[in-house]
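Letters A, B, C and D mark the chains as written, and numbering starts fresh at 1 in each.
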Amino acid sequence: MTRLLEISGLKVHFRTDDGWVRAVDGVDIGVDRGETVCIVGESGCGKTVTAKTVLKLIDMPPGRIVDGSIMWQGRDLVPLAPAQMRGIRAKEIGFIFQEPMTSLNPVYTVGDQIAETVREHEGLSRRAAMDRAAEMLSLVNIPNPTKRVHDYPHQFSGGMRQRVMIAMALSCNPKLVIADEPTTALDVTIQAQILDLLEEMKERLGMAVLLITHAMGVVAENAQRVIVMYAGKVVEEAPVGPLFARPRHPYTQGLIRSIPRLDLAATSHQRLEAIPGSVPSLLHPPVGCRFAARCRHATPECVATEPPLREIDPGHKVACHHAESLAA
Amino acid sequence: MLQYLTRRLLIAIPSLLGISVILFTILALAPGDPFEELATNPAIPPDVRAHLRASLGMDDPVHLRYFAWLTSMLHGEWGFSFVSRIPVDQLILQRLPTTIAVIGTSQIVALCIALPVGVFAATRPYSLFDQIANTLAFIGFSLPTFFTGLLMILLFSIHLGWLPFVFRTSIDATGWRWWWEMARQSIMPIMVLGLFQGAAWTRYVRSAVLDVIRLDHVTTARAKGISEGSVTLKHVVRNAMIPVVTLVALQMPAVFGGAIVTEQIFRVPGVGSLLITAILANDTPVIMGVTFVFACLVVFFNLVADILYGWLDPRISFR
Amino acid sequence: MAGSIPASASAEPVRRPHVGPWKEAWRRFRKHRLAVVSAAVLLLLILGVLLGPLFWTLPIDEIDFAATLQGPTLAHPLGTDDLGQDLLARVLYGGRISLAVGFTAMLVAVGLGILVGSTAGMAGGRTDAGLMWLTDLFLSLPQLPLLLLIIYLFRASLTEVVGTELGVFILVVSVIGAFNWMPVARLVRAQFLSLREKEFVEAARALGASRRRLVLRHILPNALGPVIVAATIDIAAAIIAESTLSFLGLGFPPDIPTWGRLLFDAKDNLDFAPHWALAPGIAIFLTVVSINFVGDGLRDALDPRRVL
Amino acid sequence: MMEDDLRQMIGRVQRGTLSRRGFVKRMAALGITAPMATQLLAITGAAPAAAQSGSVPAYAPSRRGGGGALKILYWQAATLLNPHFGSGTTNNDASRVFYEPLAGWATDGTLFPILAAEIPSTDNGGISADGRTITWKLKRGVKWHDGVEFSADDVVFNWEYAKNPATAAVTSGSYRDVNVVKVDDYTVRVEFAQPSPFWADAFVAAAGQMIPKHLFKDFVGANARDAPTNLRPVGTGAYKFVSFAPGDNLRAELNPNYHRENRPYFDTLEIKGGGDAASAARAVLQTGDYDYAWSLQVEDAILKRLEEAGKGRVNIVDGGSIEFVQLNTTDPNREVDGERSSIKTEHPAFRDPAVRQAMALLIDRGALEQHIYGRGGPATANFLNNPPRFVSPNTRWEFSIQKANEILDRAGWARGRDGIRAKDNVRLKFVFQTSVNAPRQRTQAIYKQAAQRAGIDLELKSVTASVFFSSDVANPDTYVKLFADMQMYTTTMPQADPERFMNQYTSWECSTKANNWQGRNIVRFRSEEYDALFRQAQGELDPVKRASLFIRMNDMVVNSNYIIPLVKRPTVSASLNNLNPVLSAWDGTIWLLGDWYRTT
């Protein structure tokens, strides 16, 4: 049974004044039906580029898909022409953006913008599309949707606008929703509501979610499987339980250690651990393991050769020469 | 909205009055004389000119003349031209159809050039098309209309002999023949003005579209799977129209003012040439009549621009 | 420019020695091939006009009836006019005035426009209404009688104070400038109305930025797009307007060969002596084109969001 | 030019040893217009004033109409259609399409009868023995366009209408000091206070256009300008009114019952106004869109090249206008009790005759004729330093920078460091103003360069025509004020009578602030001798003596060099090769439109 989405060996580079930036340098990600997969990593590790490349939303030029394939239900999206991509966008794969404040067109009503998607893919009449839009707004718990459907984006708060984005992304009940840091721009209380709403939608419409975030808390709450990315590569992939229980890659360990713990903070003065150093340049990436410079357990072998992504436990892959010995 | 509209209209009245006062004082002080031709002919005794000026009240103090003009205007009586004794409103109405036909169409031609070329050039910045569009735009607005007009006459009327270059309002054909003749003789003035105006507008449209094309909601629209064409049209152009609308609305009164130079080259009897002859002859009633209508149009179209602005951009609320 | 952070991937900021904003702007500007070429052309034009008469020493008004309406020859590279006067010398001499008129009038027009537009846009309420009334007033004034009035009121006194050429120059520039600021004012006001609502402006205000700083540092740079376009159009308009002024006997004295006047005098001989009209025509075209591409280059260089 | 020389010449014309044309040519050399010369001959009985067979070209067509459309182009558009308010040639010509005078001036200066049955002369009793009454016999059977009969009542009405000061008619000058009496329905008598050699002023040419009494009788005086017929003319002319858009075009159609048989030739007429002279010439000479283009003030070189297209030709009709330079006798830069160029001052430089003579020598009229005006401006000999006896028609004018330098050196005007001459701190630096027009700007450039070579610096100034020729009191740039050292323009001499023309050099006509600069002595030329001569001429009964007095006045003004004539300005127009227009130097373009036809 082919997986819903299978990204293998994806490389995306960007031309800049100083040469080619290798933002995504060989990434493999798979998503099954009805599954919630989380991609986590510091900003600049290539997670947003990977997500956007699925729907070819990056500007090419200056961007360019150098290598790899994106199999969607057994069909490779990379060679598709723009016209064919349209059939995929929003109909099969929905996308939720990070910045609700600027992601909605200020001059059209919210209803129009949702209706536009529906009419494009399901050919509904104007009236029917607006009703569907109202329906979607009520689905995402926006109060008195039949009136609000005629309001403009600037008449909604940040949280409300993100709900509208979700309504828009799900309006053609796609099989997969890619949410690119949906809650980063929102404050914490709204964040939880949005993520619960997303979970609820997933249950009700039976769709898969590819959630991109840099907050480990969000990962713990929502993900079934987690992929950790660093400097354009996948360094660890595992179901959420084992990942938090026994992280095998030093970078993942560092990430988990840097999460502020409510229980510990209350009792003793927990000092937050930060990972020393900073992300390597993607213009001239180091030869060996890209995390070597910041890894406590780095050995000459790490600097020399690049560790492949190996499955050391069932469903648990890691890209580190010393993964076995390092199990914390 | 209605409340805003009435408030703006109420403000318009004193502003128009203010403009008319300033207009009138300027005209009274400006040099020039409606009867200058009399002066050159020694056979005409000088007292005739003095008598004429007195009979038309040209020698009384400015404010008296202004109130006389204002009261007659309020009665809807626009006064008559010093020079040709014809009522001013009749003079303007006589020339209005030609002005609107020729100058109006040229503005439409300008828009039909500027919008597509500007948008297409902006969606492909620094491509070959963009470079050519830019260069043509520069040629367009750096050569004055009297130069391009003459070039066209030399090429199409004299060298090729296709088009007449003297505009005649008295075409005696009928039916489609009339339309054909009218079209032949107005092509050149329309193109000269249209290209000049189109060139300038293309630059504005291109700059406005370039500002909008990189915004987030454009990527959102693309993510909705709608065609690139409708992304550009519905989302990019629609937002870019806001500054462009202000510009076009500003230009509309100029349609009434006509294009003085082009009208002179092609002898189009438009309001522009009426205004220029009246100004050179210091024919105050005609100048006041034309410029007052011009002022009303300016105030009206500014109001239209602001309303369009509010309608196009929901964020602007009408206080 | 109602814009905010673009969604496209922002590549990793590569660590480099700290580059000052102007150096950065120059580096980006240099990449804009066309702008660099135009800047060179513009410099050439300005140098040619300033230093030209030193090298090309033919007098501008030497009447030589033997050589009337000659095409370009070695003695007269740009040919001669109907009085046999050398066109290259006249274009160089006239250029000095035309360029000065073009630039200064544009600066006056754009300066006034920005001043009025930004004050109206920021202040709102009565000041906005008052300034807009002023704009409407100037928009509806017929230019010509006002020109006649101003020129004949001030020309005599001004020429006594500063001499004819400078006196007429100040007069012509202020008159052209005083009649072209209105469109810029309305454009800037429209931009301010929408930019004022933007988050980054509120953020700056929250950080305690003074009103003046808000306008100069935050709003204005974002409103420059259409203003630069307007500026380049105004330069062409100013150079050409000077010729209509001279035609009405209001501009420079008849023996000063500005580009506008040359173009006007040449128009009746266009079919028999095209070289006479081409000389000033090309000069005006080159000036406008180069200024515009430099303007384009500047706007892209100064606006970090613009990806080249 | 002594009085007896004049008598002796008239005698030779009577004896037939000198042709009428020769006499008229010599008179022109002395500044006496052709009509004035023929009048002189008529009054002395030497030759009839009436037009001879050759005065007007023969009219070929054998039937009325069938000529299609006649299209004429004026680059200044007419604004009104009442002859008595016609300010300027364009308006006079426009009303001349519909209204006709009793007689018009043919190009050789003879009178051509139109509404008159014949031209009054001594032998047909038209001119009384004492020359103080003129009797006009009118044509019978002439109808106005609306069918009403034309009669003597209309002629008398036109006189009452024009002389009434409240009407403020432009033509009042011709009717004010005459008395008109109706003898019978078709005869009218015009009585002059004193014998007037130049009687053909009232009812003749532009001023004599007859307007219908039955349509204007209740619009005489103050409300004259509100008459509806002002805009919808009803005349006796060859073409009837169709439509008029002021400042744009005038349309007329053939008048079926026109009183001259077989005329007019064309079925419709259109006069289009606006645009500039150069493109008007193109519309006729290059594209042939129009049949005739009026008064082309375009450089002759351009006209010659346009003619090469072979479609049309340029018509040069020698007229009475002269382009000349005035040197200010007063000082424009000093204010005496608030008045510049006041007659209480003297021009610091021009009061020295040597400077004036040098200025006269520094203008290269040959260059003007050859390179600027061409056929449109032959270098003039008129008013120029007349020889004691009138020898050849064009007396020598001279252009020599070297001679000018000598004169100035001799007069003590030494060259300063900057090359400009000066003497007891008066510098030869003059403001030279004229109206905006291409040939004039070229003339200024030529004069400036020549003056520079003689150590004189000319600062050029050009004023737009409507301001330059305005009589607006507040405006400093008008030509009547002459607030400059020297100025140049064209003056016309429409009326043949020199009296009205020469009074502009009498001292009481000086243009001063007191008379709101209405006075016509713009150059403020003052000389007792000239005033005495003028008074004598006014009262002089003997026409020949009077003419010789005027000639001596011409000499005085021109010899003073305050007035420097440059070129004669004949009227230049263009017409298609197959068009036969009937043009006249002494009357408007449209004076005999009925006789225009096309050779197919």
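The criterion applied here is as follows: contacts are C-beta pairs under 8 Å (C-beta built on N, C-alpha and C of every residue); 3 or more make two chains touch, one makes a residue touch a chain.
In UniProt terms, the chains line up like this: A = ABC transporter ATP-binding protein; B, C = ABC transporter permease; D = Peptide ABC transporter substrate-binding protein.
This one's a predicted model, so the numbers in the text were calculated from it and none came from an experiment.
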| item | value |
| --- | --- |
| Chain D and chain C - chains in contact with each | B |
| Chain with minimal offset from the mean of all protein Cα atoms | B |
| Intercentroid distance (Cα basis), chain D paired with chain B, Å | 40 |
| Rounded Å distance between chain B and chain C, as computed from the means of their C-alpha atoms | 22 |
| Length of the line joining the C-alpha centres of chain A and chain B, rounded to whole Å | 55 |
| For chain A paired with chain D, centre-to-centre distance based on mean C-alpha positions, whole Å | 93 |
| Contacts with two or more other chains, residues of chain A listed in rising order | 57, 97, 99, 102-103, 106 |
| Set of chain B residues in contact with two or more other chains | 29, 31-32, 150, 158, 215-216, 219, 239, 280, 282, 313, 315 |
| In chain D, residues with contacts to at least two other chains | 464, 467, 475, 477 |
| In the complex, chain C residues that touch chain B | 1-8, 34, 129, 132-133, 135-137, 139-142, 144-146, 148-149, 152-153, 182-183, 186-187, 190-191, 193-194, 197, 225-226, 228-230, 232-233, 236-237, 240, 243-244, 260, 263-264, 267, 270-271, 277, 281, 284-285, 287-289, 292-293, 305, 307 |
| Interfacial residue positions of chain B with respect to chain D in the complex | 29, 31-33, 35-52, 55, 81, 83-86, 91, 94-95, 150, 153, 157-158, 161, 164-166, 168-170, 263-267, 269, 273-274, 277, 280-282 |
| Footprint of chain D on chain C - complex, ascending | 61-63, 65, 68-69, 82-83, 148, 152, 156, 164, 247-250, 253-255, 265, 267-269, 272 |
| Residues of chain D that touch chain B when the two form their complex | 73, 77, 79-80, 85, 87-88, 165, 168-170, 172-174, 176, 207, 222, 225-226, 230-231, 243, 245-249, 251, 270, 272-276, 279, 282-283, 286-287, 289-290, 464-467, 469-472, 474-475, 477, 480, 491-495, 500-501, 504, 516, 518, 520 |
| Parts of chain D lying in touch with chain C, wherever the complex brings them together | 278, 298-299, 301-302, 305, 367, 370-371, 435-436, 438, 441-442, 444-446, 448-449, 459-464, 467-468, 475-477 |
